[in-house]
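Residue numbering begins at 1 within each chain, and the chains themselves are lettered A, B, C, D and E in the order written.
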């Protein structure tokens, strides 16, 4: 009956409501399953929100659902990458941006620590060499604390 | 012509024109065939006029009399269900209403899609039931011809392809929609040459029936 | 010497096809519901008795000759032709198993008037020489002797004598200018002579002037039953000639179903002109007299009575309420069959079936439908107003050992008339 | 006979343009402009639903991606007398404005700049000096030495990769390049910045039209509804985005585009006396202040200037059959009444005839300039060849006493220390483009404010549906839809019969400018400009030709008209 | 000028030369995965592949086009056009962007073909007048489009037809196709052809296909129209945020009615989303700003073959393309005449038969007894 009244043109209370686009809930379910996997097997999951058919406002609503957690971080490489923990521990929003601050893609990462925050093995392998180089440099030309 | 889109456009374009032309030519030929035959003058003193009883029968014959309903309830109910279902899907589904508006400029309100969807599902079930009935009931077995099965198949496929297209169960979609349109076109093409003509002539038949009975003082 | 051939039959089929026929065949969807209204199918269970199937020869001629599709098929040699063999096979379907009761015409969802087309089909059957012997014989007798049973005026004269003796009234014969010309059926004359007596009494009671005609006393029309307009027209012409000669304004058809439809509905079309008189069934006349207060009755039948509507009278001619009015005049304990009036079931004997000896078993089978109906209400007696129906009911009930007498409505009315003397005393 | 110079393809333009020049030593004596590709949009449009026409017409060009859509819907609205809701007109103004700013900046940096800027020279610039130069002309924040060093490194890495890509085979090191390495480096940095910036500018079209290139339009208004409460409409969030885009446009124009133009022009003052051309200028005018297409309310005025005479502005009437006519004396088309006659667009014909009208069978080295030599027609206003575009608009604004324009023109001339005559030149044309961008970007704020004021007053109408249904139309109607496209005066003429398009003709800016000679051998604007004082330093590297041609911002797909299918058939038969 | 040669650095090396850390590279790969519409789980595979990838030479040919496809490419934000032409590919020939003009431009093309024989990619935008058309309909440097195309693809590794014109013939091929325009696929039979349709295509689909080729050295999986499935695998309708309104039967009926404002389905306004396969609903346009349906306009169906001739843009998908009520009436009238004539003939014949009808006599009947 409600639907009928809507087709007759009356502005039904629910007609234009944003949650009617209905993309938030399935993603929340997906996150829940990913959390279960993380806890059970340690398997990490990344969800590319760019691939979601979001309607206007859907993303904002999803973020509101997820809330804001304690950790915020940014990685400065090829432009900024902004990391925000959500109110659900282990669920992260990772916003990859280019040098012009345009979003490249937006991931939800379900992991203890987002991948991009961790030092990469290749970089780690060069860590000591880098430190040595800096110490050598430092001895001849000591860095000034700014 | 290998692509799905080309197929869809063919069904929406040239094939639709062809189907419509054959349908219109066939149907009007059929109507001309009927009306030009005429009736002989009737000199018997009538008890009542013909027009009103004829018109009444056009409508009243839609409902079975209680005795027949009792004796052939399955036949009647299933027939009813799928006819009504088919009509609802045909006339009150938004895309169909738009098609009619596009062709004839007449518009009417349509039903919400979920309602039409449910109706279509019921129609499909009822159609299957009619087939089972035709295959198992002795009378229907005896009087059924190839044409009956052909017509059933076409009608069923029209509804089925529509259902599949709506639910996007066939991919790519242009193929699904094209199949539906093509089936509808086949239906249009065979309509004037098969028992499907009853969609139009049943009203004429009922009128003649009502008129003949009415003239003798019986409301048929 | 000409003879009845397939070619003549096909031409006859063809000549019968008109707009309603085309509309009907165009509309049939093979739903099979007509079978559910046919006592021959219902009681035998044989699907070949499905009414629409009986029309196949006519349908084929229509499709082949009158449809674009059929013509196209013809171009490719795909037409299915009507053959002698086919018509021979269909003879049973069109005559033995169809009483032309018209019930199917009333229930067909697309509105097909099947009985109308059965009647047309029989034209072709006769012309092609595929009519049953019994009906041919009846037709020949009707033309040659004036009665399908070969009855002659002298037999009727004996009956008249009896009536005059027992009632003391004069049975008017060949009286010009009277109110009504009364027609009879051979069956009544032989089986139910009390009918004539009843009429004499009632008309006397009501003060109606009437007459019989020596020129034509028979109202039945074998031509209609066999389905040939030439024979039928000749028989109708006899009635018309008699009525015209006696200058009567009204002709009364007897308690016989097909006689009434033949003379009432088909007659003018058979002779191709309107009548100079009106035609009534006796029941119509009686009810009119009743309504005018010209029939005074006394006493009531107190046993449980039920009534059988003859198809030709009720469903096919609209005489439905009249017999009920009359019943209520004389019956206390009248109970309707469940399906009655226009939806009544045929006794199984109409449409020439009763004149077709070989159809006897089918006729009896079809009667079972009536029997079941009667059993449902369990009356002590059945009332009807058609000699053929009455005969079939009596024979049928007897066959099934049901002790339910059958009476004619007219006689029953006659039995309850207030005595002339008594009336005069009031 | 002296040498024939051929430049084909002319790159960094839209479409396929060929220039042939008859050289008199190092001097161009006669120039010939040829459009070498044809599609047939006008023929394709015949018989279609006029409401659909904009989408077809829009695909005339993907660079000035908006203009043909607007001109097309306006032609239908003019034919059917559909009045636009004020909001729709303002939204269209904003979209036109965004198109100008986007298009002009991209033209300057990505299509035109490499005529003046030597990328290879930038490799030898001193980033610190570059920073100093940048900071001396603008407050633009991206001007640190480190920033320019990074840019330089990026270019260097790229060049060292051995794959020069789009920079391969440029006329690098050509003596006509006059900029010092630092100016070159700054310009290259801004080349890359502009690429990033333009993506933001294009978003305004996406907001109102769903995408860019090729945003959507609707006859009778705009497709995007306004509802501040709804997610799916133009709402407060969208207005904030629009405000940001306008802001970003303003900043870039003020701090990068205008200063760069002036800085680069300072090194090329000699181009203030070359490439003038016709001296006749035409504007249809555009950017109405209300829902009507009323020239009195236009930001850009309408009129014709003849022979540089700014004191007399001639009236223009698009419906007058004697004013605007197209000629095909040197084009690969046939007119039913012969090639000498001009046709008004309402009666326009586009019957394609390549072989019989002088087309040379490919592959060819040289066109037959005595016969047909272009797919572009030659439009004339009262028989006069005219130039359209930014220079024409700025001159009309100037002649009409538009205060901001006067101020900008005078500022430019005094900064460059050039006389007012320098406007009539290749340099003046390029400068005019920059100046009108400034005028436009400032006007956009006004339209945005007006739009918001309307909505606050309760008017959210964006679409007039009274004449949407074709059954409400007269059986015959015709109309002219016009606008000032970034490249100049644009007109679409439509004839509607029984709800279908009976004839459709577009006379576009590049037709006016790039068209060939007419029956009386009057040269088109490009041709006339190239014939004005062009000495080539190196005939093998004709950078001078590119500079003048690019100053018009050619758009050749726009300019080329279409064909008659039957003729196409005949041609095919002849060929095979 | 530096001598042109095949690149000796892989993408990984080249990025590291730019001072890119491993994290940055990882991010690059995440963005690349997203761009190629691959799931994030593919990032490690992509990282390994990209590390070793080399910039392919790309020759971009423009024929009967409007430059909308190039314009669209410049709107790509992931990667940006700058990144694309500086890091991912070597765009060696492109009319609208290249510095060189005239002979020098043509030399650049021939040089790239020579240097990268068998390995370069050809991108085409715009349709091509076919070999049966007049070659003069479209020429560059005096050479017909057809000749240039065939000459250039001869030693190409693959051909990418960008935009609906190149992919399917597009606008020039729209009825009546005045110039005999053909699609690339129609003309190039002996090379892999990948179609990136759309008018214009979504820029990230162009870059996504290029990146896929760069990453994996092969073309992505294609649909029946040679379109990359990753982007064209699902219809607009299936991924449209307004789909729930379609399912519930809530439709906008005018452009600024209540339904339009509430974002109801645009089916009745002619939306071709149900039959259109493209990624607009997820990738959106202009850095995720909007897309046609979100901005209130029905989908034109621009990524499908023959979309220009697929019925009016404002006619619902279910409305046939050409038939009109007038045509139906005409066919009906014709039918009435045909049927009438047939029946009149049949009736006439019947009349003759009736006139010669032999009445049945008693004698005839008696014979039967």
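General observations
Definition applied: a contact is a pair of C-beta atoms (placed from the backbone, for glycine too) under 8 Å apart; a residue touches a chain by one contact, two chains touch by 3 or more.
All values reported here derive from a predicted model rather than from experimental measurement.
Any chain touching chain A that also touches chain B appears here: E. Counting only chains that touch, the fewest steps needed to get from chain D to chain E is 1.
Note: the chain lying farthest from chain E is C, by mean C-alpha position. Inter-chain contacts peak for the pair D-E. If you average the CA atoms of chain A and of chain D, the two centres end up 43 Å from each other.
If each chain is reduced to the centroid of its CA atoms, chain C and chain D end up 94 Å from each other.
The geometric centre of chain A is 33 Å away from that of chain E, both derived from CA atoms.
With each centre defined as the average position of its C-alpha atoms, the distance from chain C to chain E rounds to 76 Å.
Residue positions of chain C touching 2 or more other chains, listed in rising order: 17, 66, 68.
Chain E has residues 77, 80, 242, 248-250, 261-263, 287, 294, 338-339, 342-343 in contact with two or more other chains. The residues of chain A that reach two or more other chains are 3, 6-7, 16, 55-56, 100, 102, listed in rising order.
Interface residues of chain B, counted against chain C in their complex, comprise 26, 29-30, 33-45, 47, 57-58, 61-62, 64-65, 67-68, 71-72, 75-76, 79, 137-145, 148, 192-193, 195, 197-198, 201-202, 204-210, 212-213, 216-220. Put simply, chain B touches chain E in their complex at residues 2-6, 8-9, 12-14, 16-17, 20-21, 23-33, 36-37, 94-96, 98-99, 101-105, 110-115, 168, 172-174, 177, 192.
The part of chain D that touches chain A in the complex is made up of residues 196, 199, 230-232.
Residues of chain E touching chain D in their complex: 1-9, 14, 17-18, 55, 57, 62-72, 74-75, 77, 80-82, 85-86, 89-92, 94-108, 111-112, 127, 132-145, 147, 170-172, 174-181, 199-200, 242, 254-257, 260-263, 280, 285-287, 289-297, 300, 308, 312-314. Contact residues of chain A toward chain E in the complex are 3, 6-7, 9, 11, 15-16, 20-23, 46-48, 50-56, 58, 75, 77-78, 81, 96, 98, 100, 102-105, 107, 115-116, 119-120, 122-123.
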